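Each structure below appears as structure tokens.
Each of the next two complexes has subunit A plus one other chain: subunit B in the first, subunit C in the second.
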Partner chain A sequence: MSAELVRVKIDERDVHVPKGTGIVETALAAGIEIPVFCYEPRLGDPVGACRMCLVEVEGMPKLQTGCTLTAQDGMIVKTARTSEKAAAGQNGTLEFILVNHPLDCPVCDKGGECPLQDLTFRYGPGNTRMSYEKLTFEKPIPISPTISLDRERCILCYRCTRFSSDVSEDGQLVAANRGAMSVITTFEDVPYTGAFTGNVTELCPVGALLPTQYRFEGRPWEIVDVPTVCGLCPVGCNINATVRETKVKRILSRNHPEIDEGWICDKGRFAFTHLRAEDRLTQPLQRTRRHGLEEVTWEAAIDEAERLLRAAQGRIVTALSGSETVEQAYALGKLLRAGLGSHQAMLPEEVSGALDGYRLPLSAIRDADAVVVLGDVPVAERAPVVDLWIKSARRKGARILDSADEVGDAERVVLIWSGPGGRGGATVAKLAEKLTLAGREGCGAFYLPTTPNGRGVADAWAACCDDESDEPDSIGLLVVSGDEAAADPNVRALAEQAEATIVLSMFGGLSAGWADLVLPGTSYLERDGTFVNLEGRLQRLRATVTPPCPDELHWIAELAARFDVDVAPYAAAVFAEVSEKVYDGLSFGEVGESAPLRGYPDAAVRVDRPSLPESQAKPGKTEIRLVAYKPLFSGAAVERVTELQFQRPQPEVELSAEDAGWRNIETGDLVTVGSNGNAITLPARVNRRLGKGIARVAIEHANGLGGIVELARAAEEVSA
Partner chain B sequence: MPEQKVLLAGTDKHDLTKLAEYQAIGGYGKGLERARAMTSEELIDELQRATLRGRGGAGFPMGRKASLIDRKSSKPKYLVVNADESEPGAFKDRQVMAEVPHRLIEGCLIAAHAIESTSVFIYIRGEYLTEYEILQGAVDEARAAGLFGGVEITVHRGAGAYICGEETALLESLEGKRGQPRPRPPFPPIQGLYYAPTQINNVCTIATVPTILTIGAEEFAKTGVPSSPGTAIFSISGNVVRPGNYELPLGTPMRELIYEHAGGIANGRELKAVIPGGSSVPALTPDQIDVPLDYDSLGAIGTFFGAASLIVVDDRCCMVQLALRSTKFYAHESCGKCTPCRVGTRWMVQILESIENGTATRADLDLLDSVGDNILGKVLCALGEFAVYPVASYLHKWRDEFVAHVEQGGCPFHGSSSLEGILAPSDQHAHAEVLV
Partner chain C sequence: MTTFFDEVQEIRKRYPAGARSATLPALRLAQEKHGWLSREAIEETADALEVTPAFCYSVASFYDMFHLEPVGRHTIEICTNLPCALCGAQKVVEAFESALGISAGETTADGEVTLRAVECLGGCGYATVVAVDHRYRQNVKAEDAAEIVEGLDA
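The block that comes next holds the complex of A and B.
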């Protein structure tokens, strides 16, 4: 898209910009700052509310707001630097903004990183002419357990309400009342709930909306923001971890325009306190005959691990979580596969390289003409930020479809598979092939995995050894890597068959009953290494703080040495080995802080064989297929964050309007869902977007149910 | 000059809320037929030649506005009638809706034809319940009589916010959103209701259209003055003998309206000030009232035609009290979207209160002036300026009175001042006190 260039004169400087460029951006191109508060292009059309950006435009009698103007050829603009009128206007605005402001900077968490402070220092009048009573409000008000609102500090820029209505589209945050009494609020003071609420704390240009977890926790001069990547879902949002005195205090977005556009979900933002969970393990635990699990030293634990590994005589099965770094998975794989000939591993989901030919940055969704979303798991529960991209596509005019049949002659087509099933992307790759999307501009396909780094782990596991072996008849040792695997009922079932079990876990609660040896694990916020996100983008994780225990690579290397396997204890060195085979020899340093989407055409190792055939029983006429999905707000980390509990899904079952209709079910009615004698009774929610024959329930409320079920009104059951 | 009825023509002898009677005096007749026989271009051209200036306040020519409609747009075009009439002192639109609803409806049908629209919305002030019922009845009757020709007219009731009379806030409200103005550009003829090209006009503007089509633009333009042809209904209130609505040709001298039609100042008092366009415009002193009542003449002496609504103030009134009263209204009605108006109007109330109660200094008079200056020309919509215009005029033209407050440490009227009949607080705004 090459728009016509126009010439604009700003403060005597000529710039050439594409026609229609905002004047704020045009000025920036000329090296001139026009200060703004309400302007934030990611929130949609400008609103012209704060009046901070006043400029003089030749030919217009009144001052204009720079944020609402666009560049036209021959336009002559004077900012406060060269126009007295504009400077006076801007001073007036700043004076007004401060008239009712409490100026409690010394106790405001925003202090030191506050646009209002900054602009006041740079442009402000320096004193006040306000000698009357300021407006006061009760403060701070919790608008949710995670966000506090200080109405006195609010400058009513409407960024937060615009985010709520025009980006996350939840419509919960609103302005109430009028004039000076206007306040930001939620309807009837119901807590602000949803996947993305925390973003308003970063959008707010003052200390009005602040993360409650960070209240009085840090000052800009005593913190460091460490760039890393979120490891809680397959999106891999780029984040900064605010660290003070060796503790993570806050998570901020770190805008990657192709991945997250600066939005992160509340899990990524608020779940970090799991680092300090009460049951966090720092010492290894070993099962003793009389006392159950007991703390032992690391030396003793490594000795015991060595003993268990030898005793299994190669009959070792590894349960991976898909949240290990590429390097951890590789190190573990090298020890177990190359060293001990144990090749059997299970991942919680299938992984496939079939989509490699259809890769796109997530941001391409926004520019699509048609987005086909397939599958029955809500996108926001699997890969939250993908949901925001779909919403922005719809706002831009794209058709959002639930079947590829309706694509028609759309040029830019994006397919998204959101489970269940889907064979790691192989199914949607077939569809992409049928629609001949390969190589077409703006066309591509995504598969939303359930694990944050399943692809990276599978790649690494495949890269460490070429041999294969059959499944052992008996399991000598089960190695459970990570909390997701430890929490998986299938893994626990396997543990019952195993002669011994080693668990790598952050939290004691998960494996207390069944592990023989527990080795403390680290969090994604404590690891150096790489992750591969759902786009297939390799990204760099950084140890933002030192873990309270040795990191995995360290002791895996030590253990490997006892079996004469050479594993380096450093991520960079391990990565170098993996990269030779999988990432075309890319060096650790080249992965990048804001990683590009690369392809690896020369990779020797590629995961491309989904093992299981697609099996999806079609529900009969009166039957229902129950999709028990893993909610966004779930998992070992979320469970350990008290202030996130309000976000967990309600116990309810969603069903389509059609299925509800003939069963005479309305939202709120109790329904019974069951199969084979197992039944649950939950309130119903009718969801018009669900397809006929599908019902949905959060897995934690499913009681193990899934697949084809019977569903009926609970009252009928009783009377029948 | 006698009253000359164009908008209200026929009301003395007929009940024009009834379709049959309106048709009996030629309603939905020649004018509508002529319009429908024309192309959109021809009709807009006719309207442009009539130079019908918008009666809602700004005086922008209605035909020119129609010519700006982006008719090439693939979106539907909308006609929106602004019947939110909430300006203190204005009560002309309500008489049109209550007495000649069909003239407004016929105007809608013609204007819709001009902009190739089939959807018309009339946004009526929420408090106008009687007027709403009459208008809705007339709409139903005309629709049932098959007069709409494929056009649909929806009457939508507002919810009691002055700001929703501002055209873009009105559109937001109509869309079901919080009533707050939008930045312009884009202007409504390009991007209005639901992002589609939209024509917005005042009730009186649209209700004048049938006459233009019936008698022709040239004949219409013979009334009034060349720059502002036609008649206007003037609402006159305050301390006059016969407050009410008077329909007069534009250009009628203000003195004539006050002293002949409205019977002069009541109770034998002296004239002190006239706020000529509703409470939002700069006031005039007694020596300025020979001005002809039309847009350009009023503009030339530093005020506005506004809503053609005159508030006549006699010598009992303390101008500081009047300023305070007026500012409280605008502070209460400020939508809160833009900083200068939201903050500045409250600040002005505080300053005016301290002047009135005698705690202010001369510096506060300058501060009041300066706060006003920081609002003027810096706000998103004109409401913020409406708060300042009258107050600035009182401060400058009656400065002695403001100074007296400061020097005497209180109101020189010692409690004898009266806003009776002018902008006396109503119960409705009693809760505005909590604002400050």
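The block that comes next holds the complex of A and C.
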């Protein structure tokens, strides 16, 4: 934005703002509020749909909409505070908005936190002249299993449809019909599907679009919003958990302008009901000879854990999930490594410190000139909000590339690695080095990991002990920490070799068959502690509700004491210990509610093998490289949320138009994908945006396939 | 044989790349082909335009000239906007309703004629305007209804 300042007089106040600033912001700079419904800068250019922001401008005969008007030098604006005309205009606007709006605030979930209610109270007529029947509609209409639409309450501000077309760019939520009969709708009976649909429930300034999970669940005066950070993917969106009577009732975004800009994905928003899943564990389970796993007391479980730890005589392997807090990973590491000399761990994924020199806030993607997205897995499946930043960059004119060779002379270059084979970010860091991005303004690189806190866990595990040990000949005890590790087939294979297995899991279903001792785990919404997101930003998690079982730190501390290892049962104290070694001595209290992106020079403790990636084996003529990706809507939490099942990927293979073309494959045709005798037959979906030679399938439908495969039209079924 | 998909690509070439301006002509083409815009017709159009079916539906539902329900072999469309209304359009509608035995918005049981009250047809100087199979009849009065219905091709 140009630096030229202009003087605008708003009511009785003079204010200087950069030329072109919207009048709503200009007034705000002067400390004056202009009420709005449709105006929302995050949705792009203003549209002036609701007419709530009417102001009087000297020299203009009619009232103007403050949101679409921009500041010019010498402009004299009068808001409803000082202009009778503007006040009458706003009053009239509200009267019209309310013509068909039902008077159901007492039973409306938005009541008490509703912009329409608030603005009507402050600027409205206070009375109605409407003695006619109002328009009525069928209600509520489930526009998806997670969102309910009440058309009677809708004031047609078009925030939701603008979000759908201009922010998430899914184009599924639209306005149909015309004039007074306009309605918000999806196509036919197709549910509103996508990674970001839930955001419309927060954008809606009335009670028209509501999260179905929250219908009749709470009123604003009996809830408390607890600020925390989402722990379901490596973005670490800032959220508020709405808590009523010790239960999480809803998740709201909490705008961190550098991370999420106030948008969160549907997994983060709607998957919280996993806290109350049917198979949620609250009591430890111990394998007994005759009855399989049986509930035991915590005292007995800790005794048994101590016995198993001693019996293993140091031959312990730990499988971590990357969803532990830094503190949990450190406490566990200290017990097992410092206390028992068992250093062997399966870390959730490779994490490289090589990216530290290319660190940027995610919001820098929006301002880039060129964004290079590498790695074949759709960004939205790994780190959904990053996809919104990329879209926003494209709308601002950035080139979105799939090869670093095309960067050319672009000034601000951002590299993003989304997929397997990135070696924890080392590969993309090497590319960044080749492009000499270090130290250049607005340039940087991101690696999208698969786990929410893989980096924090790796930091913590590395920090608790300097010793190393060789892999034991046999595994005396396998300690499986967390649900992701418990669901990992490689971990289960390891459990077969282990003499005994302890599993820390939230859900009974995950470990029923193979654990000897199961200790109930907690969710990210129940923990105090810290996470490190994909930017390398340290963020604070808060226990929004009390877990139905003891916090991990409490019993780890108790268990550690039996081995004369000093572990504090509180996150703040454990963090202080980690921080000394990894985070520059930052104190727990300083992490902050809206954490800044800090540098941690000591954090780069990981192995680097800097080299450019070997060129991948080129697929032969009939071959194709199959990318089996982990979908966003998957994992232990999502599996336990009935209303999110519609979001899970269809069993289908995506392939490029080119690959489909010469094979004579159209969307819906059955194709067979296989290698070495293993084959799957699934319907095809032709994706014109996909590159040649690549096919994609959700891992749950891949049957273990991946890499170079043969792909062909399935043999025609003989019809009778 | 050129497919619908190819024809839409031809239409798209007339407009700036990425623009949605081709939506109206593409929907019109789809309607000419199918007679009305069924769910399948909208999906086919959306696919050819690389937009969502919801977007096409949103556009189609805005304009009166697009039919979201099947229509008869003949259409009689009466403008009921202000100038026509002042010149007795309502009476014209009623006259057609009794001549055909159906209400505005309906199609005769034999599937022959659809009667609709529509928005401005752009012939305000010749109110009331009635479009009979897309051909305008000007200055139509209630008493002309029977004759117009009689005059439809069998």
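In this text, the second predicted complex is superposed on the first by the 695 of 720 C-alpha atoms of A that agree within 3 Å, B and C clash if a C-alpha of one lies under 4 Å from a C-alpha of the other, contacts with A are read in each partner's own complex, and residues count from 1 in each chain.
Here, contacts are C-beta pairs under 8 Å (C-beta built on N, C-alpha and C of every residue); 3 or more make two chains touch, one makes a residue touch a chain.
Everything numeric here is computed off the predicted structure, so don't read it as measured data.
**Q** Should the superposition on subunit A be reported as showing a clash between subunit B and subunit C, or a fit?
**A** clash
**Q** If you stack the two complexes on chain A, which partner ends up touching A:T146: first (subunit B), second (subunit C), both, or neither?
**A** Neither subunit B nor subunit C is touched by A:T146.
**Q** Just subunit B (first), just subunit C (second), both, or neither: which does A:E188 touch?
**A** The answer is second: A:E188 touches subunit C but not subunit B.
**Q** Taking the superposition as given, does A:S418 touch the first partner, subunit B, the second, subunit C, both, or neither?
**A** Touch status of A:S418: no partner.
**Q** Determine, under the contact definition given at the top, whether A:D170 touches first (subunit B), second (subunit C), both, or neither.
**A** The second partner, subunit C, only.
**Q** After lining up the shared chain so the two structures overlap, which partner does A:S523 touch, if you call subunit B first and subunit C second: first, second, both or neither?
**A** So A:S523 meets neither subunit B nor subunit C here.
**Q** Spot which of subunit B and subunit C makes contact with more residues of subunit A, would you?
**A** It is B that touches the greater number of subunit A residues.
**Q** Based on the superposed arrangement, let me know which partner A:M130 touches: subunit B (first), subunit C (second), both, or neither?
**A** first
**Q** Taking the superposition as given, does A:I155 touch the first partner, subunit B, the second, subunit C, both, or neither?
**A** First partner only, subunit B.
**Q** Which holds for A:R178: it touches subunit B only (first), subunit C only (second), both, or neither?
**A** Both: A:R178 reaches subunit B and subunit C.
**Q** For subunit A, what residues appear in both contact lists, the one with subunit B and the one with subunit C?
**A** On subunit A, the overlap between the subunit B and subunit C contacts is residues 174-175, 177-178.
**Q** What residues of subunit A sit close enough to touch subunit B in their complex?
**A** Within the complex, subunit A touches subunit B at residues 46-52, 54, 61-63, 65, 68, 88-89, 92-93, 95-97, 99-100, 129-130, 132-133, 135, 155-156, 158, 174-175, 177-182.
**Q** Help me check something: in the complex, which residues belonging to subunit A touch subunit C?
**A** Those in contact with subunit C are residues 165, 170-178, 185-188, 190, 688.
**Q** List the residues on subunit B that touch subunit A in their complex, please.
**A** Touch list, subunit B to subunit A: 161, 163, 178, 182-183, 185, 331-347, 350-351, 354, 367, 370, 373-374, 377-380, 434-436.
**Q** Can you name the residues of subunit C that touch subunit A in the complex?
**A** Listed in rising order, the residues of subunit C that touch subunit A are 39, 42, 50-55, 57-58, 61-62.
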